[in-house]
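The letters A, B, C and D name the chains in turn, as written, and every chain counts its residues from 1.
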């Protein structure tokens, strides 16, 4: 079978590199180009094989049937449009086209919840890493109208440092991150809130949302610990998740607490649900783990691309 | 000046070792004995100096004017009683005598909140590490009656592995903890809840409490991220903390998010407060960092002992 | 095509688990059984899929065409013999059958150097992790007789903690290993020396060998830094390695210093060679990186099994 | 007693910050100024207390009786000269004035080996971190003429990342250093070689030296593993070290292998010595651990300053 050529814009960041690795190991795709303006002309090892970066301006976008953009927020949107003009499909890993960012009408790539729209799309907005982890955890409760309207959803999340990219900044040096832990984007100030609020609103969820991300001294992975107020207690806390996710290849429900170790280097979401004892309001604790570079970025992007290109949704994705 | 002899029961664990180090560097104390049944007779380096452990049974408790017990929960209570019989004062680092554990009437060693009772005490129950970090963060709101009665306090906490002790268990091997992160004691099942609920009830706080601890891949430190529902919005979110903690040598209020790095190896609590944007209910986000072995264990124990012995409260404590 | 059934004895350790993962993802093999006496009956997730461990005594060894033994040193030999009695081939990951351990005549599984013998073998002694990293680095110099007879080869090696297994011991707790580094097995006392000396002697190398392993605060990977005295200076330091390893799928020669990051989760050896400036004796510095659980254990074991079973040598091995 | 004012040039780097912390806790010194051109005017927390950085150009150098320069190599020399012109003494932590760098005649601050010269000095060149760890380990053998002239000393060293400073560079991001390990400055190309060779030559040591540093995924600490060829076997391998270092407050000889954990946050060198079995040439393995920011930089600088100022050599230094 001929391989389908795909390209990566912004390939020198962590998500871009992960995408290149996945594409090179994919049974049906080939890597048409990998751009990185700041490293154009340089050759790097990705997944054990050499790749030479080209400038984003220097590439013939139509050499690819589908273009992944891992360009920075703000810059990505324009390149997605250019790729479309050449006839290429596009998956945008930036925040530019996601819900709540003023660009409605673009298919939102939370794959498991949106397959019908994704299959026919020529542009897909790939979800943020935190929203992926939180929204996939909350969707089953939302679908059954179980979240208390006047309550507060509290999502405390912790991410490995690759979530912050590989631009050199002092705060992300090993000497600053190791043996450390801190919150950031506090007070509901993180950019991902718009994306989550817009999606929850579409789902008819009107509870308040408090979202506090933290920086973990690990390379990869996000754990979200979410307290959810319910309209009524549930006899079988896990039932909504089983109902929605039965048979999903990339969603794992677990009696054990999910850990980063369970999901890194895999395109998986692992979710556990516990009733909270000793509270007057019925509440659940939902924990959800993903690899921020896989299901939280490159893996889900490829999962979406597989759907857009009519391939097996799981092709080339480590489970 | 003559040094006051003090002893440590259960000195081979992380908190016990930290206590020995602090005592050896203390200007007014000397280490009368350090017990460790499983290592009796062996000599170890603590803080650069050799210490020989003796059996807990083999020690003359009255060789010390004050005894610190870092023995396991359950076993500690009896040894505190024995120490008292010999006339020694005692600081119990175990959970045995803390509020909510069926032993009311014992002075509770949250030092900054309880000095009057502590100065005259012969027995002090040293607070748990998580309760120290959470209760010191909440006390200013409780004192002003600002916490909404029918709301939910959500405390998400993350601790370094020394909080789990140094008994060899597979789950705490480097190969299991590194590059990992997970919740434990979920569903409001952690032992420390009783201690916190009893104390909050004494303070007149009747909000629900959700407490979820996590295991961090770091050696030391606890960060607590606490969402608190208020009876009314505050113009100056930090005001209650300034009012209560002004001049406290070990409490640091900060505009910056506290990190573990700010507090490790120091007997400090660092607290930051942020209003939460975009919620209908007025809420605050309070974050609090301590070193679990210092302000969360050995440091606060020594702070209490200083008070009990009539010494300068800050003597021998790294700030 | 029918899959060939293979079994793993001692599957609950780090190397055994890695083997199970590789087998489950292998295109031509199936996992007939996975034994773990201390966890018999328990089900665990390996590579995202559940595996139920059985007792080593309870298994029909002939359910497998080939048995991998990852049992402890000393215990393994007997089980390899039992497997052979049932007609199964065997790859022994323990030290029991390796050169220098009194069991000559067994094929030694340094795959790249010994293919002819391995293809027809029914038993293979899989090399130790340190010997794999050191011997593959030295073989090209040995083959050309370039190592000075009366000189000293100094091999300083550092390994991640999975090299020490997952039996709970205090010295391998996260609290002891993190932010730490130390030598062990000093003074040429490490068990792997016999294996290396016997192999070097077979190759006609008579230089002294000093081998000092160290414990790294990482999960996986070995880096060996080797100083080698030469019989004469080399114009092109890398030439012997290119001559011997050209076209090898799992050996990577690099101008850049190899790092653990380059090789973890891959069945690769990455080698770099530098001339040493400012010494009277001509010497080379050779550095070599492997993943101790892959090329240093499970990966090489599978590479050998592929050869023994007439499969493509690279089948199922991540490059 | 009045405190002696001292200043720190280049105070925003890791060594400069460590110096400020030590000075603020010193019983006899006060911090007159702390300069950092790139952060002038900003206030930072160092050791729990706020410090406001000033520009290096803006400071009155004679406000200090002694100036520590932690400025970059190349820039430091000029500022040491300026400080001297104002009458201040100076300790230079850069490489500018060290042996082998073309500036002979400056007292070299390997304190334990050079006290007589240091006490009367107005300028001291503080040793590099690697040289401190290696030279203090080798000095006892050199003093007794025990190192084989025609042999090779092989020093493999590994350092935590604070040794590389806190200038943001991609290679030192947490995402690059964690779970990694690699050699650098290979082939005897590291700047510290001149300093070591010049010093060894002064000591009459003419063996070849091979020095290979490595980057550890830890914040602090250096471990040096050194193979030394001897002129004859030693009955009591530790005897030369005991003879030279008996009573030294900062040098610890140990039967156990020294680890980083033993020395971090302390101004200590911990050394262990083992005979090497199975070699024709008599050789020793010497291992030596220091904290690169303490005995390897700020601690030793303060130790030297104590001598220069007529204070107790151990004042203000954590043991």
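Definition applied: contacts are C-beta pairs under 8 Å (C-beta built on N, C-alpha and C of every residue); 3 or more make two chains touch, one makes a residue touch a chain.
Note that the structure is predicted; figures quoted are calculated from it, not measured.
Participant: Find the chain most remote from chain B, comparing centres computed as mean CA coordinates.
Facilitator: With centres defined by C-alpha atoms, farthest from chain B sits C.
Participant: Applying the document's contact definition, name the chain pair with more C-beta pairs in contact, A-B or B-D.
Facilitator: If we tally the contacting C-beta pairs, A-B comes out ahead.
Participant: Using Cα averages as centroids, what's the distance between chain B and chain C in whole Å?
Facilitator: 46
Participant: Averaging over Cα atoms per chain, report the distance between chain B and chain D in Å.
Facilitator: 36
Participant: Out of chain C, which residues touch more than one other chain, so two or more?
Facilitator: Those would be 176, 178-179, 217-219.
Participant: What part of chain B is in contact with chain D in the complex they form?
Facilitator: 45, 48, 178-179, 252, 262, 265-266, 268, 319
Participant: Any idea which chain C residues touch chain D in the complex?
Facilitator: 150, 152, 154, 156, 158, 176, 178-184, 186-189, 193, 197, 208-210, 212, 214, 216-221, 223, 225, 227, 229, 257-261, 264, 272, 274-281, 283, 285, 287, 289
Participant: Can you tell me which positions in chain C touch chain B when the two form their complex?
Facilitator: Against chain B, chain C makes touches at 14, 160-162, 166-170, 172-179, 217-219.
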